[in-house]
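What follows is a pair of complexes built around subunit A, which joins subunit B in one and subunit C in the other.
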Partner chain A sequence: MMVRASTEQGVNAVLSREFEIDEANLVPTANLYEDLELDSLDAVDLVAALERQFQMKIDRHKDEETIRQMRTLADVYGFVDTKLGEKTSQSG
Partner chain B sequence: MTVKTVVTGYGAISPYGVGADALVNGFRAGHAAVRAMGDEWRQGVRGTSCSLAAPVMEEIDTGSIPRKNRRSMARSGLLAFLAAGEALAAADIPLEMAKSGRLGVALGETLTGPASLEQFFRSYLVERDVSQVPANGFFQVMGHSCAANVAAALGATGRVQATPGACASGALAQVVGVGLIRAGLQDVVLCGGAEECTPATSAIFDIVGAASTHFNDRPDLAPAPFDRDRDGTVCGEGAAVLALEAADSAAARGARVLGNVLGVASNCDGGKMAHPGVESMAACMRAALADAGLQPEDIDYVNAHATGTVEGDSTEAAAIGAVFGPHMAVSSLKGHIGHTLGASGAIESIMAIEMLRGGYIVPTAKLRHVSDDCAVVRHVRALEVTPLRRIMKCSFGFGGINVVLVFGRMDDGAS
Partner chain C sequence: MPPLSVPLAELVPHRPPMLWLDHLVEYSPDQGRTIGVVAAKHLFAEASGMLHPSASIELVAQTAAAHEGYQRRLEDKGVGGGFLVGVRDFVFWGAPECGDTIEVVARRRWSVGPVSVVSGQVTGSCGLLAEGELSFYLDDRAVPEAMQPRPQQIGDGTRQRSVGVSCGDIMGGIIIGENRDAGRAELFFERTCPVFCGHFPSFPLLPAVVSVRICMELLARWESDLEVPRVLHAKFGEAIQPPVTITVGSAPQIVEAQQRRRFWLQVDDNKAADIAFEVRQRSTARPGEGDQR
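Let's turn to the complex of A and B:
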């Protein structure tokens, strides 16, 4: 699935700025928990940080399973891109 | 036979800046660290009128703390961890010892993470939206936040004990530490306290009538322990940690001993929440002497808790006078750096040991006219250079918590 470059840049900016991850490690195949060393508490904060970065709301209960299933950075890109698409279609 | 407890290291962040050296040099030089924060510091909150404070002005470098440890630390936790690290380094205690189970942590604060708590309640009550509250916010405000965060960041696997006892927290931690060491449960306990300086903290002291409110543009006059014109205390900020260690443990690893903890005592006033009485304070002082196997004449100087409140200072002076008579040398360090609350007992303990080592007494700052109701001891009003054998350190906290410690020089094992 093609993801907008701006989505990738925004997600990477969040991970770099708020989770202090070296940008060199921000590759789509990176595993969030094993390679980037995030944990379940970080996952909670990541959702909030993505909301701020992309000025959108994420329904934690509705998307609970999707968020739980995310494993790679590519999964985050895809999730955010989908949410941005929903936001655009709702507002449009 | 009682296991002897020694001090092998300490660290501090105070209104004088980062490091125990800044603390010691600041007091020795008599520098003033209380500031006029301006009316805007009160943030337009009605009903509060204290705008003096003694925050840590120096920027704190927290970059050395791993993110996964740092994220759960309130400001007080950050300060406490940096002080604990300095104490470990000064004591030459390797991190492996922290992980051995033989090292414990006892830390307390009056208010746990007030800035973090304020942030949470702004989201919860004002914005009615907790979706942006950090997942680690709770770990910054739980009652044992300081102790738990320091232990986690050090990888300490021994006893972790929170010692919130309001303004006596940092001294109470040492009572706990000495108890653990004497019981043979720990070889080393990192003991101390921390406190953040926020407008809300000052407001709380103002509400209970314990804050200075008449000298907002004269930080050179308040707080003024034992002074005729004293009108309350001024809240300060900081953290201090002492590495208390079993004497045998220190000897076995060839550690440098800075001083001895000869006696400790803690009791409760058993009635008054805000104003401990003369009797319970004096009883605590006598209990600390008994614990050390000493008589009043064995003490050369009493480092008072005296915070500059009208009632607290006179009560303490009366208690010291009752135990020691009118000739005991007494001073308080609150005039210099304000009242660092949970940190004060540990900050002043560090200074007690430094005064023993250096042979000097730091005077009470801002004491211009000794109040009649405090004139029952010998107030030290200028730096005195004199050999000291032993110092009694008093700390008293809201809730009727009395704590008294007796320190001796490194070559003084006393009983």
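Let's turn to the complex of A and C:
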């Protein structure tokens, strides 16, 4: 799945700024829990921070399962990109 | 539909002096609203007659707990267990005043497994006092089973420590060591501290809001020219059981031109909490003014 470069940059900026993760470790294949050493509370914090960064709205019924399934940074990029696409189509 | 008015004590495990609201007055699956009169002898009351601003975090937490409790009642379940595990972007616009009637709204936003995200607002007679986002770990089991120690419980609940010369106290926790220059302090909490009587009677735990207040009060002791308009984020990964000695550390940070103070609480070698505050020079300006929210 192709993800916009701006999405990757924005997600990486949040991880770097809020979770103090070295940017060198922010590669799409990085596992959130094993490589980036996040825990389940951090994962919730990450989604909340991304919600603010990208001004997107998490849908309680639609997005929870996707969030639960996220394992790699590529999953996060894809999730945010999809949400941004939805936002654009709704506003257009 | 008749107006709702359910005493909070029927919905949450908190008890005085940690039961801070009176009734749940509105319920929908996504939102709860509570009201309460701020007690004159409130545990968080200050000499000014106002509560310490951090109290608003607990007010939203108790409203979220009451909302969850009412939902469990509708499902014929007992009062459940829940723990505040995170705070994000919680802005203090003011502080509740003793004697005032306050209204608190908590909106359930989304969940990941047992962790739920809630946004909330605290309003007094003079307007909005605080707003922000909290995360909860919800245990589907009923109290008291849900209040049994979690695997990551720290503070063995039996360990005693000889207390030397006190440097003061915060919320009944005796400051037994302090190095202002290094931003370090040690506090000792006895089981008999009033905060544990109501949080919770059968299973005492240090409330997360007390961890926040400890850090804000230490900051006020160490850098009295600074004030805290906002908790940027806080993570409470461990439950702290008394009696316990807590080591507090702090460090300044500047992130994208924003002045921050980062605090962490440790028990032995276990990090119990990590809290980041936005700070600024003490002034009379309303918090968040000039911010792009």
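One rule holds in what follows: the second predicted complex is superposed on the first by the 90 of 92 C-alpha atoms of A that agree within 3 Å, B and C clash if a C-alpha of one lies under 4 Å from a C-alpha of the other, contacts with A are read in each partner's own complex, and residues count from 1 in each chain.
Just so we're on the same page, a contact is a pair of C-beta atoms (placed from the backbone, for glycine too) under 8 Å apart; a residue touches a chain by one contact, two chains touch by 3 or more.
Remember, it's a predicted structure, so these values are computed and weren't measured experimentally.
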> Quick one: subunit B and subunit C on subunit A, clash or fit?
Replying inline: clash
>> Let me test your reading of the model: by the given contact rule, A:R17 touches which partner, first (subunit B), second (subunit C), both or neither?
In response: second
>> Per the contact definition in the header, classify A:R68: touching subunit B only (first), subunit C only (second), both, or neither.
In response: second
> Hey, is it subunit B or subunit C that touches more of subunit A?
Replying inline: C
> Is A:D35 in contact with subunit B, with subunit C, with both, or with neither (first, second, both, neither)?
Replying inline: neither
>> Going by the contact rule set out at the top, does A:R52 touch subunit B (first), subunit C (second), both, or neither?
In response: both
> Which of these subunit B stretches, 307-315, 343-351 or 397-405, gets into subunit C when the structures are overlaid?
Replying inline: 343-351
>> Need the overlap of the two footprints on subunit A, from subunit B and from subunit C, as residue ranges.
In response: 39, 41-42, 44-45, 48, 52, 60
>> For the complex, give me every residue of subunit A touching subunit B.
In response: 19-20, 37, 39, 41-42, 44-45, 48, 51-52, 57, 60
>> Which stretch or stretches of subunit C touch subunit A in the complex?
In response: 30, 85-86, 88-89, 108-113, 115, 117, 133, 135, 233, 235, 237, 255-256
>> So in the complex, the part of subunit A that touches subunit C is made up of which residues?
In response: 17-18, 39-45, 47-49, 52, 58-60, 63-64, 67-68
> Of all residues in subunit B, which touch subunit A in the complex?
Replying inline: 67-68, 71, 131-136
